[in-house]
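Provided herewith is a single structure, encoded as structure tokens, for subsequent inquiry.
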Amino acid sequence: MIQTTKHCALALTVSAFALTAGTAMAETDSLTIVSWGGSYSDSQNRAYDQPFEEKTGIKIVHEDKAAQGLAGIRSQVEAGNVTWDLVDMLQSEAQRACDEGLVMLIPHDEWLADAPDGTPASEDFIAGTLGDCFVPQILYATMFAYNNDAFPGDKPQTIADIWDTQKFPGTRSLQNIPQKNLEWALMADGVDPDEVYTVLATKEGQDRAFAKLDELRDNIIWWSEGAQPPQMLADEEAVIATAYNGRIFNAQVNENQPFTIMWDGQMFEVDGWVVPVDNDADVEAIKEYLNFATDSQRLADQAKYIAYAPARTSSVPLVTTHADTGVDMKPHMPTSPENFQNAVQFDPKFWADYGDALEERFSAWLAQ
Amino acid sequence: MAIPNYAGTGERTWIWTYRFICALIFLFLIFPIIVIIPLSFNAEPYFTFTNAMMALDPEGYSTRWYDALFGSSEWMASIRNSFIISISSTVIATTLGTLAALGLSRRDMPARNLITALLISPMIVPLIITAAALFSFYARLDLANTFFAIIMSHVVLGTPFVVITVTAALSSFDEQLIRASRSMGAGKFRTFFQVVLPLLLPGVIAGGLFAFITSLDEVVVVLFLAGPEQTPITVRMFSGLREEISPTILALATVLVALSIVLLTVMELIRRRGEKLRGLTPG
Amino acid sequence: MTDATMGNPPGNTDGDGELTTADGKPLAVALHRSHRQARRHAFLLVAPLLAFLVITFLIPIATMMTRSVQNYEVADYLPNTTAAIETWDAKGLPDEAVFAAMGEDVRIGAENRTIGRVAARINREIPGTRSQMMGTARNIAEMGPPWREAFIAQHEGWGNEEFWRLVKRETRTLTPIYYLLSFDFEYNSYGEIVERAPEYQVYRLMFIRTAWMSILITALCIVLGYPVAHILANLPLRYSNLLMILVLLPFWTSLLVRTSAWIVLLQQQGVVNDTLVWLGIIADDGRIRLIYNQIGTIVAMTHILLPFMILPLYSVMKTVPPSYMRAARSMGAGPLRSFISIYLPLTVPGLAAGVLLVFILAIGYYITPALVGGDTGIFISNLIAGNMQGSTAELKLALALSTILLVAVLIIYWLFNKLVGVDRLKFG
């Protein structure tokens, strides 16, 4: 019985040590960065984090929770316990976060690096992308991609083709959010891309979009994470899928998958950084990271690992070839001329206003 | 359950059909767990049996996923985190739960039913509710993303099991033994440690094992509470299952199945020992 | 243990005629005191766990529930407007004083960066007010009296009567609106409770769907679990111990492992479909969708919850002497009749325990429906989590839904207790 008591005491001491080891995490030389995971986080890691760690010794810790970024920041700020230092966020959500006072205001020319030729940051970033609280990194596109093997004859060329299940049978995979799906539904129904948002702002327009989606409903499976669509195409769970263009590019180039991107109707959007207020890291460290990670060379470097366009005009000429395979990156960018012909810009303002209602309606529709 | 000799042909047919159905149900129970074991040795990164595997071709099999699992510092860190959390919470839950069970089974316990209901309540409350409530609670105390919060939460989830099993063990406990021991001069503590505890031990250990497996297997609460430094294997598996279903998860799954077999064996040995101590023997 | 000794001859009394203990205290008093002491000791043993649970479990849940009725955005972030609008009669537009108060609030809110929070709150009810309020907030420095004209010039939404009625309604700090939303009701612009438009209704459907799927899963568990438990209870111990492994191993295996096993089995290119194609039952391009829908959830959850039905049933069936059935047969009852009249009623405690356990576990499930349910096979817990994590996370709605779910579970538990009696249950 003395034995058991000794063992109990030992176990308790060990646990106590484990607890203190876990709680003594008040390091000032690491930054917690929240991003989207998969090949996108990998590209950030290779282009920004590793060089930054070498340069400054500050360790970068990744959390792949950007899909719940806004809600996560909100609940952390509310609870008064903010552990995320930088969050990768879409422009539309960053605007909401900024409005609600959840993220810091960023003085662009003070914090961000100039272009190599001396242009200040506020003029170097693509017009309309910088926000009061938002530093853009990339311009990326969501569009349809398909598995070549599924369509030996005719290939889908337009959005209307996606809805044509006679000519192009098989399962489609769409993201389980209303954003972009509703726009594509309207475009498939014949609405001119320039008028999509005016139509979608009306009740008739919304009904029309949902009715069009209903037509395709039985052939759709839904994805929630960026890594899923290439997986589904590879597994043949779906023959056509919407996806982030960089993920498809990686599957094509690194895994030799027989995928083709249909650039018609691509919807492009800006993705970048926000800094939650009241976070527990040193503001200087965050400034240093932002300054380094968003300078012209770094943004061009990221394009070596994934096919997203850098958000700075001075970075574009610096874009070269893929780091692992030597493939030229320029033709794979969403912004290159032949891909950009029928591109539609995602409208963050529309979704800031109508996002709540449409997301509610969409999740109700999904559950039916 | 031999076929009774008064059974007619109709009844015999029924009994054999019945046995066949039961066999199918047992197959239903065990087949999913068995099927992932060979899949974890798949040489290709697929979740299905390739032709090479079906032909039992050695080329179709490899241990690459186990190498990926044990060679990955992230997975090993997660495994370490899981064990830290589970072992700590099991120790605490077993101690608190045993004490509570001892108190509950006393004759003079006031408000026994109410307090029992309260102590068992974590088992009844849906896990998502517990997770949300505990997350806001610990976040306000600045304790989100710490081992402390996760371990405390798992203690909350584990104690009902300990209370139930130890109470059950106590219900078949003979009070006379305590009186006999006291009458021979042993003090309260000595009686407890040398008479009560050894007989209770099967129940205590059973409860402890339940608490351990509950903590090791818990996903929802840690999904909310764990930061990157505390990520246990369950969170990694869960996001892996949603994102990039690679057979590394199947390798981990097979390891966990092996662990379950070990725990199962321990439980069985304890049960036999308990029966022996109480004077019963398996037929 | 009292100090009463057997030394006193029975009937030893003090002056009043009461029994006393050896040291002269009245027996009743001494007994009472020793009972109190025993109760205290028993309670002290339970106290640590009880205190722990109250602090780290019950209080957080209670806090969570109270948050679901709080509505502080308008009152906190538009304080002047809240005070000024109290006297407005909700007809037409409010007067200049209210607009002036709003002007002051927007100015302060723009400085403190809090105006976005109340904009977000109101935007949920009237889409478009976000840009209305944020746009005005950006220009507030240049605005001045007359305020009503200034606001309406900024954005026509400020002249919308519905907007002001909404603001007045939302000055209440306690609101039942999240509970209304949980049952697909809402306030219309006049403050009356109406049903939501059909395209927004989802929660009632979800509650019903969770309930019927859980009932179906419980029924399947009974159908599959009863025969197995019966055969386990009636085989000689050697065989039943071996077969018991087939039940216990799934029980002890991680939930995620079992769910991933089902993903492997049920997907389009998975084992089940492959087998069916190989047997020629379906064509290669006519594979059945068995996962990411209700079928996937039902099959996977039945498998996972089956041991919870089998174990209580087994422990009760083991206590039923086989001689009862033989006695019934010997008196002329057929096999079916003796089963229904004799065996079945004896197994009710175990059956009831199993049903309670499986049903309550099923309705609260989150992980398995999230992984294999797709869009139609998810449970209410998944919607609760969705309301906590999505970008339009409506946390208080999630809390309201959680409270409703919790109350439902408690009611079921209590009903069960009334009908069957929890102390009669044996969980094995």
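We just call them A, B and C in the order they show up, numbering each chain from 1.
We adopt the following convention: a residue touches a chain if its C-beta (ideal position, glycine included) is under 8 Å from a C-beta of that chain, and two chains touch if they have at least 3 such contacts.
For clarity, every value in this text was computed on a predicted model and none was experimentally measured.
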| item | value |
| --- | --- |
| Identifier of the chain whose CA centre is least distant from the whole-structure CA centre | C |
| Chain pair with more C-beta contacts, A-B versus B-C | B-C |
| Rounded Å distance between chain A and chain C, as computed from the means of their C-alpha atoms | 33 |
| Distance from the mean Cα position of chain C to that of chain B, given in whole angstrom | 22 |
| Centre-to-centre distance between chain B and chain A (centres being mean Cα positions), rounded to whole Å | 38 |
| Set of chain A residues in contact with two or more other chains | 75, 235 |
| Sites on chain C at which at least two other chains make contact | 267, 269, 388 |
| Set of chain B residues in contact with two or more other chains | 46-47, 136, 242, 245 |
| Chain A-facing residues of chain B, complex | 46-47, 84, 87-88, 91-92, 95, 135-136, 139-140, 142-148, 151, 193-194, 197, 227-230, 239, 242-245 |
| Residues of chain B defined as touching chain C within the complex | 1, 4, 6, 11, 14, 18-19, 21-22, 25-26, 28-30, 32-33, 35-36, 39, 46-49, 96-97, 99-100, 102-104, 106-110, 115, 118-119, 121-122, 124-130, 132-134, 136-137, 152-153, 155-156, 159, 163-164, 213, 216-217, 219-220, 234, 237-238, 241-242, 245, 249-250, 253, 256-257, 260-261, 263-264, 267-268, 282-283 |
| Interfacial residue positions of chain A with respect to chain C in the complex | 68-72, 74-75, 93, 96, 98-101, 176, 207, 210, 221-222, 235-237, 349, 352-357, 359-361, 363-368 |
| List of chain C residues in touch with chain A within their complex | 112-117, 119-120, 123-124, 127-131, 134, 199-202, 205-206, 209, 267-269, 292, 374-376, 378, 383, 386, 388-393, 395 |
| Chain A residues within the chain B interface of the complex | 1, 4-5, 8, 11-12, 14-15, 18-19, 21-23, 25, 32, 37-38, 61-64, 75-76, 79-81, 83, 224-225, 227-228, 231, 235 |
